[in-house]
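Have a look at these structures, which come just after this line.
What follows is a pair of complexes built around chain A, which joins chain B in one and chain C in the other.
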Partner chain A sequence: MKHRMVENAIGRFVPTEINGEKVMPFMGVGNYMPSGRKYNASISSSVSFPSDGNKQVKSLKGALIKAGLSDGMVISTHHHFRDGDLIANLVFDIAHELGVKGLVWFPSASFPCHQHLIKYLEDGTISRIEGSMNGPLGRFCSEGKMNGVAVLRSHGGRYQAIQDGEVNIDIAIIGAACADSFGNANGLRGNSASGLLGFALADSQYADKVIVLTDNMIRFPCIPWQIQGNFVDYTVEIEQIGIPERIVSGTTQITKSPDRLFIAELTAKFCDEVGIITEGFSFQAGAGGTSLAIAEYFAQIMRRKGVKARFARGGSNKYLVQMLEEGIVEYILDGQTFDLEGVRSMRENSNHVWTSPFTSYNYHGKGNFAGMVDVAILGATEVDVDFNANVVTHSDGYLLHGIGGWQNCLFSKTVILPIPLFRNRIPVVRDRVTTLCGPGELIDVIVTERGIAINPLRKDLLEKIKETDLPIKTIDELKEEAEMICGKMDSIQLSDEIVAAIKWVDGTLIDVVRKVKA
Partner chain B sequence: MKHRMVENAIGRFVPTEINGEKVMPFMGVGNYMPSGRKYNASISSSVSFPSDGNKQVKSLKGALIKAGLSDGMVISTHHHFRDGDLIANLVFDIAHELGVKGLVWFPSASFPCHQHLIKYLEDGTISRIEGSMNGPLGRFCSEGKMNGVAVLRSHGGRYQAIQDGEVNIDIAIIGAACADSFGNANGLRGNSASGLLGFALADSQYADKVIVLTDNMIRFPCIPWQIQGNFVDYTVEIEQIGIPERIVSGTTQITKSPDRLFIAELTAKFCDEVGIITEGFSFQAGAGGTSLAIAEYFAQIMRRKGVKARFARGGSNKYLVQMLEEGIVEYILDGQTFDLEGVRSMRENSNHVWTSPFTSYNYHGKGNFAGMVDVAILGATEVDVDFNANVVTHSDGYLLHGIGGWQNCLFSKTVILPIPLFRNRIPVVRDRVTTLCGPGELIDVIVTERGIAINPLRKDLLEKIKETDLPIKTIDELKEEAEMICGKMDSIQLSDEIVAAIKWVDGTLIDVVRKVKA
Partner chain C sequence: MKLVKRLGEAGNSNSKSKGDCHVKIEVKEAEGIDFVLNSKVKVFYASSIEQLCRSVLVFFNIKNALVEINDNGALPYVLAARIEAAVKAIMQTDKDFLLDLIPENNYQSTKRHFRLSRLYLPGNTPYMMLNAGIHQPNAIILDLEDSVSIQKKDEARILVRNALRSQNFYGVERMVRINQGQRGVEDLSYLIPHNVHLILIPKCETVDGVLLVEKEIARLKERHAIVHDIYLMPIIESALGVENAFEIASSSLNIAAMAIGLEDYTADIGVQRSEGAIESLYARMRIVNACNAANIQPIDSVFSDVADMEALALNVKRSKELGFQGMGCIHPRQISVIHENFAPDKKEIEKAKKIILAFDEAERNKIAVVSIGSKMIDPPVVKRQLKILELAIEMKLVPVNWRDCDEA
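Here is the complex of A and B:
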């Protein structure tokens, strides 16, 4: 494939067209202003729906046929079931059985369980994936085996793309642990409980046809309606939509690695000493082992100081739930529940609030929640000396992770990346990131086991740490230290072929991923 | 004003244009199929909003100026504060002070407290009202004193009109008992608690500019967010937005009139004997004295039979709350809270669910809740021998009431109108209703103190009552009885001039209201 390439505002060369559609290059944070109007779905009428509200059809196949499944359509699913999802595979098994070709799969994310779909990418049932790819599908894509170019978006960017009509979903399939025949649905109750369904919100609102699939059909009304039946065309009950133990973990665990625990402790200490952990503050940490440890250290500091957090952003987990129940966190504003305690808490506690990419992250709304978070603790596969960071590819060029809410969280007041200085003897702090997912100007602090680097733009933080004994270094010092230990890495050689596009939160193109040389 | 008139599908002559906009005549229930697309608001960007989420401006005047208030705009408010609303008057005081002219006021309903606005209708600040008018404004309109033609819609019809782009709101002002500076808002807590804010939902979603006004600004996050801050442009705190005792009543009371109690008892008896009151049934009754009595008789029957209702639709009140708390009603799906007990219950009980005209009533959704309700108990000012009913005008032609959710509820499985046969010696059952708001084919049963008439279309009900001793009569018999007592009424003479249009739930024109001859 030949692409006309332009240099975007952060120095990456990107094409002006992806999969035959024009795209805008990244113009710098806050520099692109949309001028269009939101996507306007066609007007429905109650006349076309059963007067008693019962939209149940016998099988998913039946529903897909009624929804008009045909060649080239955009089919969306959500990833609340994570690696326990049974739905996407089932949908494309049916599509394959029906001989439908050239579908675009538009998941909110994909997981190793979706390796099953590689055969459909190979036989043309699916032409390409627009969505984050964790594991085998990413590898498949990296090796240039997918027909089209993958498009990766953040959770907020996915909402934006749907809302703005960049992606028109033909059929959305929404799996729910609990639903009624009208289509009201939630993820709170049932064998396949996933907590919430926020990643499917935009799909329900904007898709042409919406199918709700459940293994727990209850009588109207299904309360709460995280998905509103008024957006739903068909409902289907099947035996099983997810594998419970892979949907949510029974046991999210804090890291036991001494290095990671050290990084976590240092991160919490930094937040304390620069005055972030004060009465009424807010924070967001992930559900990885280091993040969990940071949250625990936060809790210890809060108890010691006698302060409460006004809110914490989820991914929720048992540690966060404990803090809510103890009263040191007033609200959890949750985007996904990572363990059973998260699901239980969301079901029982009205202060454990389900959010969506619309409320939390949509950059093309009238603001969103991200900017209200005092500190966001995020990960990265690589960071460069300009504080730019990568979350999707490894240093060998392989696309193995999704963006998630990562780009969106960069708008928090302080963004901290606690990362090891190197992994498997490969430096994490580098001259230049393999793939640029987040501009350095939004990344404030890098915490490693060998020191903390503060973005020179954050003069306020540099001032605040002066009185502390925190091990502050420059980002260049960290990079040199990494290279001293691991040796300087040769930059990897990738093919010219573009296999994936990385969108920024406003729909512009911030970078591309190129095919690895086998 | 001259209008080209056509006869619509129910025999009423209606114009093809209202206020310079083309309108479709009513085509019969379920016969009009929309072909367009939903209204698409322009795309916003977070770039235009404060990065810390604080959208608070100092005054409502300031917010209105920032929102670009200018001549001819459509300004919306909601009626959750009922006769205690202070906001609409304030908004137009400011508009008047700023010298803005020709505004269209688009409230979800108006109340006697809005009599204050008559001077602005007279001086041209407001050109017309699109919305239900209770009392003085209705009288003003009936007398032909409003510049434009009023347009009355049901709650569902108002959502439909906004969604479909029939009405484009320039500025929505949403009053909330509780809000944060980002614009998340609810009606649950604070001096001006109104329970919920569903009538403002469409306004928040589709208006060009949205202002949230509160007298109780709290720290982010305002939970629950019945209105989502992501739709909100500006937030304002003022001293007082409503007069508590006129927003919700401390004491909704069952009728003490023997006639009305008899009608209520007969209605409940009918529902019992035709088999409506069975395990898991659902019902909707209003908050008028007779409706409250019916709900209480329902409760007695349910206790006697040992059955539970799956859900009851609100307007909630202390009687319904009692049934919820007693466990004979599993859920209240509520559209507005009529008393303090309703507000308390909605705040405390997760089975007391806030709904909106979108979920409940929007006819241009993928279905709505109305059709799932087993029995709806509604009122009427007049009913005719074809079971057509009027809810907006009195028999003297005066427009004194709004449509509310009445038209929408006609889609319930069984619709019963418990009405007195006459009021003030004027028959309620007549040859022909003054204004036709609801087609007789959707109205199943008329219960009066002198007998019950069943719509001949409901052969099933006619069959079921055969074994009972219920006092069944034909509608003609009821009419004759009324005329025997009151004398036959001369049909009133109205002017040709059209002062108000009555929309059907699908946006077509079902009837018009004509100027009364003074």
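Here is the complex of A and C:
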């Protein structure tokens, strides 16, 4: 299908329509001002619900039929169970069995376990995915095999899209480790404990029909109610909703790679020397091996200097929990829980606070937490000489990673990308990123094993590093060094066909992903 | 050039051989070069890999062959080494396909270079060489001996040679451990013309072992018009070697240091290595003594538990107490622990400063005898304190202009 293409504010050509609906091109950070009123769910009446509060239905199939599952509907699930999720596969097995076609799957993210759904994308049960894709589904999409165009949003962008009415969810299925028959639910207790259910919050608030699915139905009240039963239509108990060892990893570990440790140490040293690690500061680091190492180096510096962090943004994990319990971090504001220690801490410690994409990231709210964080440490697959970054595709164009909260975290006061200068002979610093997910003006520092590049816009940081012995280089110098080692790459040829759209946090279109040539 | 067989192979290609490749070349009677490339980075580098391959084949005058490369992201120098090794498995030739020596590798070392840490890198594992320099050990050792299997010895030489020319080690001293005996002597022609700084001679038992290597180095230096020094470090790994330690240490002016290898030594004397290393105390003390008598650096054995940094730190402290001036390491994480624990402590630094200042003052006043209070200081003591301060300055524990700072 031919699209009318326009150049957006960051120089990328994007279509004016995606899946038959008009889209707004990216206008620059902070330049798009929405108008109108927020979308809301249809009005319900308590008359339609059992007065004893028992909304339990015998089976998921029964609940889906009651919810009116039919062709072309938008079905949402969430990704708290990560690669241990059994729910999305089950939902579409049922849809297939019922002969329903053309569904739009709207997950908060998908994982390799959802490879099972490729057959439903092929037979038309699912027409497209609107959500981040990790692994096999991304590969399927990149090769142009999906009927519709995928739409990728950040966690905050997903909340914004639901709240603004950009995406109308027909049926939301919320898996919870613990729930009551009224629909109150949390992820804190039970075999499928995942910690938070924050990514399902918008779904619960705005979907036409909401089904809570659990393998641990308890008597009312299910406390705390991360999901409130007042938003829920049906509840279902089944034998198993997730595979525990793949939901939370009991073995999240600091990297042992000497090269990654080197980058992590350099990142922490940079933060210390430019004065970020001071009394009352705040930080966000992910759950990857390098990020964990950075958090650990932060802890060492805090102990040495005798300073405390006011809060750390999670992804919580055992290292962050140790810092909370030791008292060098006062609060964990948790967005998702990565290991069982995180779940335990959230259950037991009132300073381990559960947050949601609304509080942390939603761009169409009256502010959010992201901008209050002093330093965010994020990953990237590529960065270009203008500091623009890619987090979803590899340099060969394959869509293999999700956006997560990455775009939202770019609003932190200092954004640092600790990345190797090249991976498997592929330089990470490029003239131009294959897919642009984050504008360079929001990315402050690139830390590689061969030097640190500071965005020229951050004159304050450039001033602060003058007195240090940190290995500072320009981003062009890093690119040249990578090319010197790896050789100059041939540019790749992608097809004109658009297979995925990358939304910015305000709902505008920042870039598209094109079909890879076989 | 003489064809010895039709099929040649070199390199590694499996999930563990990141940054490497496997090359198979089958010589044909006619039909030119057929090229098959399986590579993770094919979309970016297919044409440059093929071009490189064809250049090597033209260089060795191979006109008809089927070439199959399974590549896992190998850098050009690795690809070139593997292709050349596959060619050399097919034919006898004296030719070498040399890539340019990168300007970053054009630096020299000195005999007195500090060698607190030297990182062993298996000579046939390119992935480990890639970032070795960024961890800033005092030296890297490209190993052709124990870490390379007998079947891979020939191809490892070519890879190490290419690494010396093309892999940026970011200024650290560039050492190679050659093989034992005649094979080690043959290794040298792959090393000496390519700006190697120091040759480690393994399992050195007598002076003859050193002289054999030294003679070949001298021949190669002359042939390639090399004028800079190339240093030697014999490794003592047997009871006989220990007994001959001083003779070996003083057998050549090119010897900069001598090391002890405890795995082989303890095997030779028939004991197990223990935590306290009491079984090797005599040998290690003898090495330290021999090295000091010969005015070279005594270097301790590696510590093999890469996960236990506390035990390593303890081991380094003991090593320093015995008089060693460095040790080998087998993992980059060990480098900083070795540096920190070999570093002069505050007390040592203050004592050294005091003695040097007294020496300066004696010189200023043209007094022949250095003394602090009523205590006389001998010239060797002054020399040792100078060495401590040099190391402290090198490790940035003391500013270069410490005299000004102290006086201020």
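Assume the second predicted complex is superposed on the first by the 518 of 518 C-alpha atoms of A that agree within 3 Å, B and C clash if a C-alpha of one lies under 4 Å from a C-alpha of the other, contacts with A are read in each partner's own complex, and residues count from 1 in each chain.
Keep this in mind: a contact is a pair of C-beta atoms (placed from the backbone, for glycine too) under 8 Å apart; a residue touches a chain by one contact, two chains touch by 3 or more.
Note that the coordinates shown come from a computational prediction; the quantities given were computed from them, not determined experimentally.
Engineer: Please indicate which partner A:D215 is in contact with in the superposed arrangement: first for chain B, second for chain C, both, or neither.
Structural biologist: After superposition on chain A, A:D215 lies in contact with neither partner.
Engineer: Does the superposition put A:S395 against chain B (first), chain C (second), both, or neither?
Structural biologist: second
Engineer: For A:G53 in the superposed arrangement: first (chain B), second (chain C), both or neither?
Structural biologist: Touch status of A:G53: first partner only.
Engineer: Looking at A:G487 after the superposition, I want to know if it touches chain B, chain C, both of them or none. Which is it: first, second, both, neither?
Structural biologist: second
Engineer: Of the two partner chains, chain B (first) and chain C (second), which one does A:P258 touch, if any: first, second, both, or neither?
Structural biologist: Second partner only, chain C.
Engineer: Could you let me know whether more residues of chain A are touched by chain B or by chain C?
Structural biologist: After superposition, B is the partner touching more of chain A.
Engineer: Under the stated touch criterion, which partner chain does A:D85 make contact with: chain B (first), chain C (second), both, or neither?
Structural biologist: After superposing on A, A:D85 lies clear of both chain B and chain C.
Engineer: Answer with first, second, both or neither: which of chain B and chain C does A:M372 touch in the superposed model?
Structural biologist: first
Engineer: Quick one: classify A:D386 as touching chain B (first), chain C (second), both or neither.
Structural biologist: neither
Engineer: Just which bits of chain A does chain B share with chain C as contact spots?
Structural biologist: Dual-contact residues (chain A): none.
Engineer: Help me check something: in the complex, which residues belonging to chain A touch chain C?
Structural biologist: Residue positions touching the partner: 258-259, 261-262, 395-396, 424-426, 449-450, 485-490, 492.
Engineer: Give every residue of chain C touching chain A within the complex, in rising order.
Structural biologist: For this pair, the touching residues of chain C are 18-19, 40-41, 43-48, 72-76, 131, 134-135, 168, 331-333.
Engineer: Can you check the complex and tell me which residues of chain B touch chain A?
Structural biologist: That would be residues 30, 32-53, 55, 163-164, 182-183, 210, 219-221, 223-225, 228-233, 280, 310-311, 331, 333, 350-351, 353, 358-359, 362-369, 371-372, 411, 413, 506 of chain B.
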